[in-house]
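Two complexes come next, and they have one chain in common, chain A, joined by chain B in the first and chain C in the second.
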Partner chain A sequence: MFEHVLSVIIFLPILAGLILLATPASRSVARFTGLAVSLATLVLSLDLYAGFQATGHLEFVENIPWIESLGISYALGVDGISLFILMAGSVLLPLVYFVFGTREKGYYANLLLVQGAMAGAVCAADMILFYIFWEVMLLPVFFMLGLYGGPQRLPATLKITLYTIAGSLLMLAAIVYLGVSYHAQFGEWSFAMDKMAALNLTGRVAAVAFFGFMIAFAIKIPLFPFHTWLPDAYTEAPTATTFVLSAIMAKIGVYGVIRFVVPVFDLEFARFAILLAYAGVIGMMYCGLAAIAQKDFKRMLAFSSASHMGVIALGVFCMNIQALTGSIYQIVAHATSTGVLFLFAGILEERTNTRTIDDLGGIAAKAPVFALYFAIAMLASVGLPGTSGFIGEFMIVLGAIKFNTAVGVLAGTTLIIGVCYMLWMFQRVFFEKTASRSENFKELSLVEGLAFLPVILLIIVMGIYPHPFLSKITPSTALQFAQPASVVAQAPASNAQNLGLTIEQK
Partner chain B sequence: MEQSVNYLGLIPLFPLLGAVLIGLLHVFTCNRTKLPEKVYGILACVGPVLSFVMALKVFVALKGLPPESRFLVHKAFTWFSVGDLHINMGFLADPLSCLMLLFVTFIGSLIHIYSIGYMGGDKNYGKFFAYMNLFLGSMLVLVLGDGPVVMFVGWEGVGLCSYLLISFYSEDRSNVLAGNKAFIVNRVGDLGFVLGMSFLFWAIGAQGFDYLSLKAHVNDPAMTQGVLLTVCLLLFVGATGKSAQIPLYVWLPDAMAGPTPVSALIHAATMVTAGVYMVARFSFLYAEVALAGSIVAWVGILTALLAAIFGMFQEDIKKVLAYSTVSQLGYMFAGVGVAAYSAGIFHVFTHAFFKALLFLGAGSVIYALHHEQNIWKMGGLKNKMPKTYVTMVIGALALAGCPPFSGFFSKDEILYSALATGHFGIWAVGVLVAGMTAYYTFRMIFVVFHGEPRDHHAYEHAQESPAVMTVPLIILAVGALFAGLLNLPAIFGGDQIVSHWLAPSVTEHHPHAGVFIEILAIGASVVAFAIGIKIAYAKFGKGAPEPSFTGFADFAYHKFYVDELYDKVIVQPYKAIGSSIWKVIEPNVTDAPVKGVARLYMVLGTAFKVFQVGYVRVYALYMVLGLSLMSLLLSQSLN
Partner chain C sequence: MTNDLMLLMPLIIVGAGAILLMIASTYDKFTHELAAYGSAGVFAVAFLVQLSSCIAGNVAPFSEVFNGILVVSNFSKAAGLIILACGCFTALSSQTYFRRNNFCSPEYYSLTAFAAAGMLLLTMAQELISVFIALEIMSLAIYILVGYDRKNVISTEAVLKYLMLGAFAGAFFVMGSALVYGAAGSTKFVKIGQYLAANGMLHSPVMIGGAFFIMVAFLFKAAAFPFHAWVVDVYDGASVPVTGYMATALKTAIFAVFANFLVIDGALQHKWITFLFYISVLTMFVGNLIAIGQQSLKRMLAASGIVHSGYLLIALVAVGTKDFTGSVIAFYLAAYAASTLGIFTALSYLGGTGEARKTFDDFKGLAKARPYSAAAISIFLLSMAGIPPTAGFMGKFYIITSAIDAGQITLAVLGIVSSIISMWYYLRLIIAMYFHEASEQFDEPAPSSLAPVCTFILVLCVFAISLYPIAV
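What follows is the complex of A and B.
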C-alpha cells in the first residue's frame, strides 16, 4: 500500500479518459484501454479495502494545501461510509466493458472520466474539492446521454441539465456560506469537511443553506418529488450510463446527505428529518406503483431504482445507527442488484431489439444461466433473505420503526410493492411461451458469464455472511451518532485544539 | 444449561449443498447433453436422508438429557451486528424443533424418493430436484433457527421455493400467475412478520434476539400488554400468509398448479404448517395475552369452516385436498389459539402423514390417468389400483377423524382443549367442520374409486403405479394409522408422550375438565364423523353422475367469489393507481414545476430575442444607454 493510492484511483481513469479524447484511438483500443484501466483501479481498490483498518475515521488521508489564503486544500480520505461507495464503483465498472458491442471512442472516454470523478467526489475531504469533482462527474453524463442516447435523448438531456444546474448552484452557495461562517466563527478560512461539524449555525440563513444542500442531494438521489428527470434520463441514456447513474452516482447524493447535512446542520436535520423521511417513503411507494404501469422494462427498472433509493434515503433520515448502517449496506446491495439488472436489461435489448416487456417471453428456457443470474439479482432487489438486499432493507425498516411507527410501517410495504412489479415482469419476459423475438436468444457467452459471476456471488455472500462488511462500516456510522453530543459538550476545547494543530502544522 | 453441538448446522446444509450441486449440473447440461435421471434422483435423495439421520441423532441426544435442559444450540457465525442489534446465524434444537425436524426430514425424504418415479421423463428433472432440495434446506433453517430473524430466512426461502415450484411448468401462463399470487400474498404476510419482529426487537431484543433470551425477558416492563398484543397479532398476520388462513388463504388452492409431490411436501405436510409452528414457538408471548390467542383461534376455526364448505363442492381432486389442508390448518390454529400448543403441533405432525399420503395417492391416480384431475372423469379405480386405493382410504379415515386413525386423536385433542378452556363456540364449529370433513373426504374417495368408471378410455389404460411410488404410500399409510398412538390420552390408557415431550418448549397449562367433558368431546367428534360419512355414502357410494350446482352450492362452488372480489377491490385498483401515477400525476402534477421552469426560459428567451436585432448601431445604442444609466447611478451614490 502506497501513500497516494486514492489519488491514483481517482486520476488514473481521468488521465486515461483525457488521453483517449486527445488521441485518434480506434474504438476497440478505447474499449480495451477502458477495461485495462478499470481493472487496474479494481486491483488498487481491493488492496485499499484489505488495508482499511475500520477505525471509524478517515483513512489513507492525503492533505496538500492548495489555495492557502482561503483554506482550501487537496484533501482526500475514506471512512467506512465512503469506502463502500468507492468499492461499488471499482467493482462494478469493469463489467460495462465486457458486455455490449463495441461503441464510439468518446463513450469509453466519458466512462473513464465519470469513474474517476465519482471516486474523487467520494474521497474528497474538502468541500471545494468535492464540489469540483461533483461538477466534473456530471459532464460525462450529459455527453453520454446527449451523444449516445436513445431517440428521445434531447428532452431528457434538457431536463437533467435544468435540474442539475439548479442543484449545483444551490450547493455552491451553501458551501460558500459554510466557509464564510467558519471564517466568522473561528477567524480562519477552511473548507475541510470534518471541521464544519463544529460550526454553530442558527437562524433563517442556516435553514436556507440546509435546504441548499438538501435539494442538491435530493435531486441526485433522487428524492421525491425531485425525481422527474430520472425516468427519461435512465431510459434514454446508453445502458452503461444508466448503470453508472443508478449504481453509483445516485449513491453519492445519499453520501452527500450523510457527510454534509447530518453532521453540520444537526439541528435543522433533526427538525426536518420527519419531513424528509416521508419524502423517502412516499417516493418509494409512488415510484414502486408507477413501475407496475410500465411497458418498457428499462423504464420499469428506472422507477424500481428510484423506489429503492427512497428507502435508502429514508435510512439516513431515521437518525439511528441501524437505519444508517442499513442504508450504507443497501447502497452496495442496490448497486449490485438494480445496477446489474440494468446491464441485463441492456443485454436483453441488444439481443432482442426491443424494450417492450410484452414482446418477450420464454427466455428462461433459452438461456438458463442468464435467467439464473437475472433471478438472483432480482431477488436481491426485492430483499429476499440470503441475498444482500435483505440485510440493508431489514435494518432500515427496523430503524424506521424506532424513528416513527407510521414511517416504519409504510416503509415495510416495500416488501410487497417491489415484488409485484418484478415478478410480473419476470413472468412475461422469462416465463410463459417463447415469443418470436426470444426464439433465438443467445445465452451469455463464457466471458460474460465469468465477468458477472463475481458480482452474483457477492450478492449471495453479502446476504449470508454480511458481518465482515458491516464491521468495516459500523465504526464510522457509530461515530456519526457519537459526534453531536461530544461536539456540543467539548466545543470550545476542540476548537482550541484545532487552532493549535493548524498553527503547529504551519 | 444449553449444550452446544456443531452438527446442528449440517442438517440444513446437506440439502442446501445438494440444491447447489444439482442446480449447477442442471444449468450447465440442460441445453446440451442430458444427464441420466438416475444421477439427479440419487443426488437429490442424499441430502434429505442425511438430514434425517442427523435429526435422529439430535433426537437421541435430546432424549439423553433431563427434560428441563433439552436444548442443543449451535452458533455458526455472527450474522450481523449493528448497535444493539446482534443476530447470530444460530440454531436451536429443543423438543419442539426436534419433532418438526424428524417428520420434515422423514416425509421430505419419502417424497423425494416418490418424485423419482413421478417426475420421470420431465425435461426439467434436474431443476425440479434442485428446487426440492433448496426447499427442504430452507424449511430446516426455518425450523432450526434460534431466533425470529433466522426463522425469517427459512420462512422466505420456503416461500421462494414454493413460488418456483408452483410455476414449475412455466410455459403455461396460469401456472406462473398462481406462483406470483403465492409469492405476493405471502409477502403481505411477511410484512406482518417483519413489523412484528421490529416491535419485539425494540421492546426486549437488545438483550439478545433469540428465543431463549426473548423468553427470559418476556416479563420486562417494556413488554406491556399493548406491545404484546401488537407483536402477537403482527406475527399472526405472517402466519395467515404462510399457512393460508383468512384473509390470505387464497393462494393455496391455486398453488395446486405445481407438480403433485410439491403439493404433498410443501403445500400440505411442511411449509404451510410453518405458521402454526411459529405461534407455538412464540407461545411464551401468546400465553401472556389471552386476546391474541382468541383471535388466532377464531380466525383458525372460521377458516376451517370456510374451507370445508368450499371443499364439499370441488371437482379437481387436488383442490379438494387443498381446501382440506386449509381447513385442517384452521384446526391447528384453533388449537394453538386456545393455548393447547402441543395439541396444535401434534395435529401438524399427524396431518403431515395423512395429508402427504392423500396427495401422493392422488398423484398416483393422476399419474395413472395421464394427468386427469377431475374426479368426475374417474370412478371404479379401486380394482385397477388396489395399493393406491387402500392407502388412500387409510389417509381419508385419518383426515375424517375416524378412531383409531391418527387424525382422530390429534383433532380430538384440539376440540377437547377448546371445550375444556371454555371456548364453546370454537368447539361447536369444530365439530360441525369434522362432519363436513368426513363428508367431502369420502365424497372424493367414493367418486374416484367406487362405482362405474366414467371415462372408459382412461380407465382401460390406468394401472397401479411403480413401487418407487407405492412404497412411500405404504410407509405413510402406516404413519397415518399409528401416529396418533404417540399421544394417546389417559382416557384410552396412554400417557400423552408427545405433549410431555413438547412441554419444555411450549408455555402451556393442561386443562383438567373432567371425564364428562372428555367423553362429550370424543362422542361429538365420532358422531359427526359417522353422519358425514353416511351422507357421503348415500350420495356417492354406488356411483353418481356429475352434479350441477344451483343456489348456495353454486355460490360455494365458485368459492363465494372471493378471488373475484380481491381482484376487483385490490388488484385492479392497485394497477389503476400505478398507471394513473404514470399517466396523469407524474406529467401534470409532479413534473409540472420543472416544465414550468423550462417554459419560463423559453418565454424569456423569446422576449429577449426582440432586442437581438443584429445591427451594430443598435448594440452601440444599448451601450450608450447602459453607460449613461451607470454613470447616473454612480453619481447619485457618490453624492
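What follows is the complex of A and C.
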C-alpha cells in the first residue's frame, strides 16, 4: 500500500469537484465522474479498513510541517473512532450517484467537495487543519442548499450558515487558546491534537474555552437547545444534502466532542457531563415528540434524526467505555439507517411529488422491494434487535445506567417514542388504502435495488455479528479513558457522587 | 551610501517614474492607455527590485538609512511589496475601467505613482518631519485622484470632505510633532523612545498632548473610530480603481507607520494600550453596524474596510515590542489587500458605464451569466470574512493567536464576534449573486482583458498567501 492513502482519499474528490466546477462539463459527465471518484474512494477506504491494525493509536500517519514557527503541520491519521466515520462516508456517498441521475453539474461537484472535506475533518490530526476542513465542509452545503433546495431555501440556508459559522468561529478562539496554553506550559508551539491531552487547564478561561468547543459541536450535532436550524435545513435541502448532513456531518460533531473535549478538558467535562447528558436526553425526547406530530415525512425524519443524535451524544457524555463504544457503533448504524431513509424519502418525493404523509398510502403493494428495504432501515433506526441499531443503543443505555441511573432510565424509555412515530408513519405510507398519488408508484429499478443491497445487508450483519467492528473500535475508546490517576483524583465531585463511575479507569 | 541608495531603489524608481509620466503626459501623443502601461511597468520594476532586496539583499534585518531618518526593516520591505503590487494592479484595472468611463487623462497614472512614492516613504520613515512630508505627498495625490471625475457631484463632495478633514488631520499631526519635539528634544522615533524610557510618559503634559494629537492623525487616516465618518462617503465618491487603491495601499502605508511609531516608542504603546483596546473594539462594531445597513456595494466595502482597520488595531494592541518583525500585521495587510483589491478589480469591469451597477440587487444572478467572475468575487468575500482556506482566514488566525498570546483574550473574542456579524453582509452578496434570478443579462463584453486577468491573479494570490508560513 502506498504512503499517502489518506491524502488521496481527501483530495481526490476535492480536486475532481473543483475541476468539474471550473469546466463546462455536462451533467452526465459530472455524474459519471462523481460516481467513479466516489467508488475509487470507496475502494481506497476498504483497503484502509483491511490494513487497519486496531492498535488504538493513530495509524496511516502523515506529517508534513507547514507553519513551523507555530508548530502547525499537515498531519493526518485515523484511529478506531475516526475510521468508522470515514468508512460511513465512503460507503454511503456512492449511493447518491446511483439514485439521483438527473441533477445539475454543480450538485455533483459540490457533493464531491463535501465528501473530501468531511474525510479531511475526520482524518486531521492537527487542530488548525481540522478547523480548515471543518469550515470548508460547510461551503458546499451552503451552495447546494441555496441553489437546489426547496421553496423556502433562502431562510434555511442563512440559518444553518450563520449558526454554524458562529459556532465554529468561537471554536477557533478556543483552538488558539489551547495552542497558546500549550506554548505557555511546555515552551513550544504545537497544535497537534494528541499533545493537547497533556495540558493542565483550570480556571474560568478554561471553562469558557470548553464551551467554545462544546457550542460549536452542539450546533453541528445538533444538540438541544441548538437544534433549531435543523428542521428547516433538513427539510428544504435537496435529498443528497440532507443525507450528507444527517448521515455524516452530524457525526463529525460527535467526533469533535470525542476528539477534543473528552481528552483535553477532562475536568470541565467531568463537571458538566451530567448537564450535557440531560441536554442529550431532553433533545431526544423533545425531537421524538415533535416527530410524532409532523405531517411531512421528510420533516419527520429530520426530527427523528435529531432525536437519535441525542442518543449518540448521550453515549459520549456518559464517560465510560461501554457508552462511548456504543456511540461510535451507533454512529455507523445511524448513518446507514437514517442515511438510507433520507434517500428513500427523496425517492418517494421524486416519484409522488409530495412530502405529505396523508397523501400517500398502499405503496407496499405497488413496490414490495422498496417497502422491504424501507422497513429494514426503519427497524434499524428504531433499534430492533437483530439490526445494527440495537447493538449501539443497548450499549449506550447500559453505559448511561452505569453513569447515572435516572439518565439511563429516561434514555431507555425514550427510545420507545421512536417506535411510535416510525411505525405509525410506515403504516400510513406503505399500507392502508391506496392513495391517488401513489397509485402509479414505480418500484426500485434493478440498479437501484442492487446499489442499496450492500447497505441493507450491512445493517443486518452489524446487528447479528458486531464483533469485528467492535474489536476495531474498543482499543481507541479505551485509550480515551486512560488518563493519569492524578487527574481522576482532582476531578471535582460536584456532579459525581460516585467518582469511580464517572471517569472510568482502564 | 551606495547601500542606502540600493535600499531606497524602489522609492527612487517610483518617484522618477512619476515625474517622467507627468512630463510625458504633456504630449498629445501620450494617451492615457500608454500611461497606464507605463505606470504598471514602473510599479512592476519597483516591485521586482524590492523583491530581490527582500530575498537576496541586506542580511541585516534592520538597517538605518540617511542617518536614522529612514529605516529599512523586513516589515517596511513587506509593506512596500504590498503597496507596489497594489499600485500595479490598480494601474492595470484602471486601464479597463477607463475604457467605459471617459474622464481620464494621462496625469491620473502619474498621480498614482506619486501617491505610491509617498506611501513607500511613509513605511520607512522613522522621524516625525519625514512622516509628515510623506503623508502629504501621499495625501495630495490621493485628494486629486478622489475628485478626478470633476463633473460628478458625488465625487466632488467626496473630495471636499476628504480634503477638509484630511487637512485638519495633517494640522493635528504637525501640532503633535511640535509638542513632542518640545518635550523630547528630537523628532526621531528612537530618541523619543529613549526620552520616554528615561522620564516616563505621564511626566510631561506636553508629551501627552503631542502624542495624543499624533494618534488622532493616524487614527483619522486609518479610518478608526471615532474618525471613521468620512470613509463611507469618500470611498463611494471616488472611482472604483481609486477606491480600491485607497482601501489597500493607503491603509498598508498608514498601518506600517503606525506600527513603527508605536513599537519604537515601547513606553508609548504601553501607555496607550487601553485606549487602543477600546478604539479597536468600537471600530469593529461601529464598522459592522454601518456595513449591515448599506445597499450599495461600494459603501458596504468601505464600511467593511473600517472593520478590518479594527482587526489591525487588535494586532497593534497585541504587538510585542521585543524583536518586532511586524509579520502578523504585514500578513494581514497582504491578505486583506489581495481580497479587497480583487473585488474592486472585478467591479472595475463589471460595474458598467458610469458605474451603473452599484447595489447588491444589481448583481443578482451574476453567477449564471458570468460564473467565473462570480466565483472570484465569492472567493474574495470569503477571504474577507475569514473562511478557510483563504488568506483572510490565516490573517485572522495570526491576529487572534497574537492577541491571545499577549493575554488579550477579551479582545480576541470580541474580534471573533465581530467577524460573525460581518458574515451577514458578505454572505448577502454571495446570496444575491448565486441564489437569485438574474434581472439583467450582464452580456456586455469586458472592455479589456487586463482587469479580468488581474482578478484571476489575485484569486491565486488569495490562496498562495494563505499557504505562506510566517514567523510569529
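We adopt the following convention: the second predicted complex is superposed on the first by the 481 of 506 C-alpha atoms of A that agree within 3 Å, B and C clash if a C-alpha of one lies under 4 Å from a C-alpha of the other, contacts with A are read in each partner's own complex, and residues count from 1 in each chain.
Note that in this section a residue touches a chain if its C-beta (ideal position, glycine included) is under 8 Å from a C-beta of that chain, and two chains touch if they have at least 3 such contacts.
Fair warning: this is a prediction, and the values are worked out from it, not measured in the lab.
Once the two complexes are overlaid through chain A, chain B and chain C clash, as defined at the top of the document. Applying the stated contact rule after C-alpha superposition, one finds that A:128 touches chain C and leaves chain B untouched. In the superposed model, A:29 makes contact with neither chain B nor chain C. Of the two partner chains, chain B is the only one that A:379 touches; chain C does not reach it. By the touch criterion defined above, A:157 reaches chain C but does not reach chain B.
In the superposition on chain A, A:467 makes contact with chain B only, not with chain C.
When the two complexes are overlaid on their common chain A, residue A:431 makes contact with chain B while staying clear of chain C.
The partner that reaches more residues of chain A, of the two candidates chain B and chain C, is B.
In the superposition on chain A, A:406 contacts neither chain B nor chain C. The interface of chain A with chain B overlaps its interface with chain C at residues 158, 162. The touching residues of chain A, counted against chain C in their complex, run 21, 66-70, 72, 128, 131-132, 135-136, 139, 143, 146-147, 153-154, 157-158, 161-162, 165-166, 169-170, 172-173, 176-177, 179-180, 183, 205. Chain A contributes residues 158-159, 162-163, 224-225, 227-229, 231, 286, 289-294, 320-322, 325-326, 362, 364-365, 368-369, 372, 379, 384-386, 390-391, 394-395, 397-398, 401-402, 408-409, 412-413, 415-416, 419-420, 423-424, 427, 430-433, 443, 464-467, 470-471, 474, 477-478 to its touches with chain B in the complex. By the touch criterion stated above, chain C contacts chain A in their complex at residues 375, 382, 386-389, 393, 397, 400-401, 404-405, 409, 412-413, 416, 419-420, 423-424, 427, 431, 434-435, 467, 469-472.
Residue ranges on chain B touching chain A, taken from their complex, read 23, 26-28, 30-31, 77-85, 89, 149, 152-153, 155-157, 160, 163, 167, 170-173, 176-177, 179-180, 183-184, 187-188, 190-191, 194-195, 197-199, 201-202, 574-575, 577-579, 581-583, 586, 590-591, 594, 597-598.
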